[in-house]
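Quick heads-up: structures coming right below.
In what comes next, chain A is part of two complexes: it sits with chain B in the first one and with chain C in the second one.
What follows is the complex of A and B.
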């Protein structure tokens, strides 16, 4: 304990050098905290955007429809759920489930009276349930679809802006959807454009549309749904709900698959992998910089105190105690620098979030994103531990040098 | 299945015209004309047919009306398809559906897509839409290498074809639909003809060479040369079609 206090007091002897070392450690710590906070924000923002943008936390579909095709918006209606209403009741009775909504996927051609046509990818759902599930539709023009099932001849669609532009239509215009039903036969349905929306993804905005479940069922001549989407009260309960649902639906005929949202979102996995790579790369650079900077400082401190250390040895202090003194000085630097870095990082996070900085849309996205940095408690603790490890590593060279000191040579050192 | 019907509608874009290949022997030209099912099948008829493939759960049953060389109406005999028709008027194809107020014009790509078209069902109109590139004979089998005339509906769907005929029986045996790059896309074999009617096919085997899969067998189970009301083909007035009996499967 005395040795530790002595090491701490030693740091105060050359305040300028200590301050520089602490600044290096604190800056590295703060940089890691900011990176971790931004990565966490990106992961959380992306995952919630995907879940509440239409994926839900879990998907229930026929096993035959999902085999090898977990990441798709085009589930064949021929492989649809005939008993989706009974399943819906069963699933919504489970704890933690906010709601279960049927969706029906439709692919086909949209055409207008003016002779324009374009391929579309449609997802039909129940607006009331989807609102309960927290699904968001970004309406840019016009209005949202009516909640009630449309009567014959009153079917509505929400078109993505790019698709509307291709077709030359806007809110209130009529158009015709053409699709192939489960029997492989063509069918057509007149619809009115209720509003223009964006999915947030540029490529999808050129061919995506939304319609009411009943309209899609009318178009496809079916009462089935492609799948049931399930949302939970908390994303962290996804795994627990996944296992429970798989158990509940185990005996169902035909066999059903329960697919977590992560499997349906390859984009999310790619972004996560990319950000992880960036984080480790930045972390490695910070690690190397801190090790180099502090090991140099520690080496200098040892060089300047050779006679003092020789005197300590001559007075009977053991090699271990002298080497430990230098090592403890390094650990104090790591601890104090880490704590200061945490404080600096916290202040920067608050400042950055307060500034409400908008960033340009990422590649493929439509809307700009707001820069947010999250507080990640694990990162605050983790960076201090990391800095202790870094400084311990940086102290290895100086400690070895102290251990090799000869008393006579040290006392004569100038 | 829809492709079949789409294609079925792609009927009658065809009228007779002279052959362009000046190097072809007059006897071969005459043989080509005699085997042209488009000109031998009555212009007004009603037919019922079944289409089946080994990988389908059940055969498709359909009926069609031909009301002149360029007009064709078809529907599937299934209550779930009630009110839906495929209509061809000249080179244009339309889908008539209860959910759409107006007939929906199908693009050329949709109309011509699929494993078979009506031209391929009755054979191509080899006299009007195609020029003979050359003719090859081997015993009683003669193969005509045909090239679609530019700016015809056939040129979009079938740029080239091989028309194989039996010189002795004066009947077509097979037509190979060839793409512009020379690959064979589909093969239609005329396996049998209606008894008592020389050149009305009763059984066809359709092979999709490009995509593979089992062949589709088309059987014409009923054929009646009969006047067909104009009202069936109206683009504006559905009353004529509304008078048709319900689209139920025949027992």
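What follows is the complex of A and C.
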């Protein structure tokens, strides 16, 4: 006979009450699993969207260009990389690196023959490499830019929908880009609108455009690139690649900075902090509900068995053993309820993912998002441990009551 | 060297506070019980029978007086020592049987052995032997709710003696039984006393049982009114 077995048998006495307690614990566990799975999906989805939406896993830029700046479109061409092609070869030779693509940031004014004009923020790149890196451009109208470097007079541009609307242009229309080169001279470049795109972010969709690296270099009169964006075969290798690259580029002149994507994505950090807050808030509610519901059950179980517990004490069972018996009953509830909750959570995750539910775009976003819930193995183990802790906490009151039990009074209890 | 009495009570006083009233349940009880004795504590309700058994069983502490159990003064025992004493040296039988409903008869009887740290195989053998001794060899696996009142009390008695205690304290053990079963239970206790030389202290107000006891202590208003030995008149 073991104390744990006796505790388990005691749970089977009042099956209805035990079933209700287990349902509470299991539901709480499943709720936490779903929340954790959704949060994990959101983090993963958001991070991959940001990485493959143009951030890359790592950025290599001149240290002077990165100091004090975290935004993605603020690398000055004056602080650009003159030897970006050599760097590109060096970086792409490293293990785990999919590709390293140069980008050139350009800001200026776009105007049309009809006299409309608007300020723009542009990012120029190499379409072939960006495709290899898994960068995605959401073309809503028209076509993507040509892969080959455009000849003079054949420069193309991809406009965000809001910017195109402001300028009153569409695919096939001509327009002029004006920008200041590193020497302070105002340059102009005639371009053809190849297509209309969206960044997925409403504010950015009113100002953003994309063009070929060669077009931007022609507009700014430079052969430099603002930075090199590096993508890896797996996001989980970011830290490893970061340290390796910092080592490889340590002696470079002028000094270079290697910046992980998380440092260039304040939005991601904010969302992560927000979701974590929501997760802990929900977790606290579940914690409190389960503690309240189960502590009541455990207290009732003790009240109903006062004489029996007194008998155990009379027979020579120590206070610790009797209190341990009640504690073990609580832990059984936590363990069984947690395991049932894991099974319930797994079933709900499968069902929710199978339903392919779409949710409205989040604030500031353009596209609806798909509701997916990930299996987070740590959460499956963590919720069981959490429920054990919750039930241990719920058992504190009943255990203290048992510890204070006077044998004579307990034996006389009716 | 003489063997000390199993129970040696001197001037035991026990008071209970009920609201604003203090009730003296025992008012200076002197009692000595030697090894191998069978003693019936008799008296009307409220005379202090149960209180005396609680004190003798270290389930409660006296407010005054002294109690020595097999040579050890209870005043020197802390909670843990009292628990260990009960576990190894005493057995209890209650009016309402107080068996654990989730355990079988055999498991209920094993309980004191389990508390004493006896191994599983020995526990089972000893529990079955004692259950057979009380006539329940066909009821090992039955739970209390599958047993009659008399059978339950036999299981309780088996539980009380399985670890070979110095004394068994039985508080109104026949109170919930019909007269025939009550006589059987009392016979059983007396037989166990003879075969094991275990002290048996029984509290009861059943005149038939009192009459059959070799020693009778009558309590009245918390004091011993009579302490007689031999066949009742």
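FYI, the second predicted complex is superposed on the first by the 412 of 414 C-alpha atoms of A that agree within 3 Å, B and C clash if a C-alpha of one lies under 4 Å from a C-alpha of the other, contacts with A are read in each partner's own complex, and residues count from 1 in each chain.
Here is the rule we use: a contact is a pair of C-beta atoms (placed from the backbone, for glycine too) under 8 Å apart; a residue touches a chain by one contact, two chains touch by 3 or more.
Owing to the predicted nature of the structure, the values given are computational and were not obtained by experimental measurement.
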Clash-or-fit label for the pair chain B, chain C on chain A: fit
Contacts of A:318 with chain B and chain C, given as first, second, both or neither: second
Which of chain B and chain C A:9 touches, first, second, both or neither: second
First (chain B), second (chain C), both or neither touched by A:90: neither
Touching partner for A:307 - first (chain B), second (chain C), both, neither: second
Touching partner for A:192 - first (chain B), second (chain C), both, neither: neither
Partner chain in contact with A:202 - chain B first, chain C second, else both or neither: neither
A:411 touches, of chain B and chain C: first, second, both or neither? second
Included angle at chain A between vectors to chain C and chain B, based on C-alpha centres and rounded to the nearest 10 degrees: 150
Superposed arrangement (fit on chain A Cα atoms) - minimum chain B/chain C Cα distance in Å: 85
Common ground on chain A, meaning residues reached by chain C in one complex and by chain B in the other: none
Chain A - residues contacting chain C, complex: 1, 6, 9-10, 12-13, 307-308, 311-319, 321, 406-408, 411
Residue numbers on chain C that touch chain A, as the complex places them: 54, 57, 59-60, 79-80, 83-88, 90, 92, 94, 96, 98, 100-103, 107, 110-112, 114-115, 120, 123, 159
Of all residues in chain A, those that touch chain B in their complex: 109, 111, 113, 115, 117, 152, 155, 176, 178, 180-181, 183-190, 218-219, 221
Touching residues (chain side chain B, partner chain A) in the complex: 1-3, 5-6, 76, 78, 80-81, 84, 86, 95, 97, 99-102, 104-107, 110
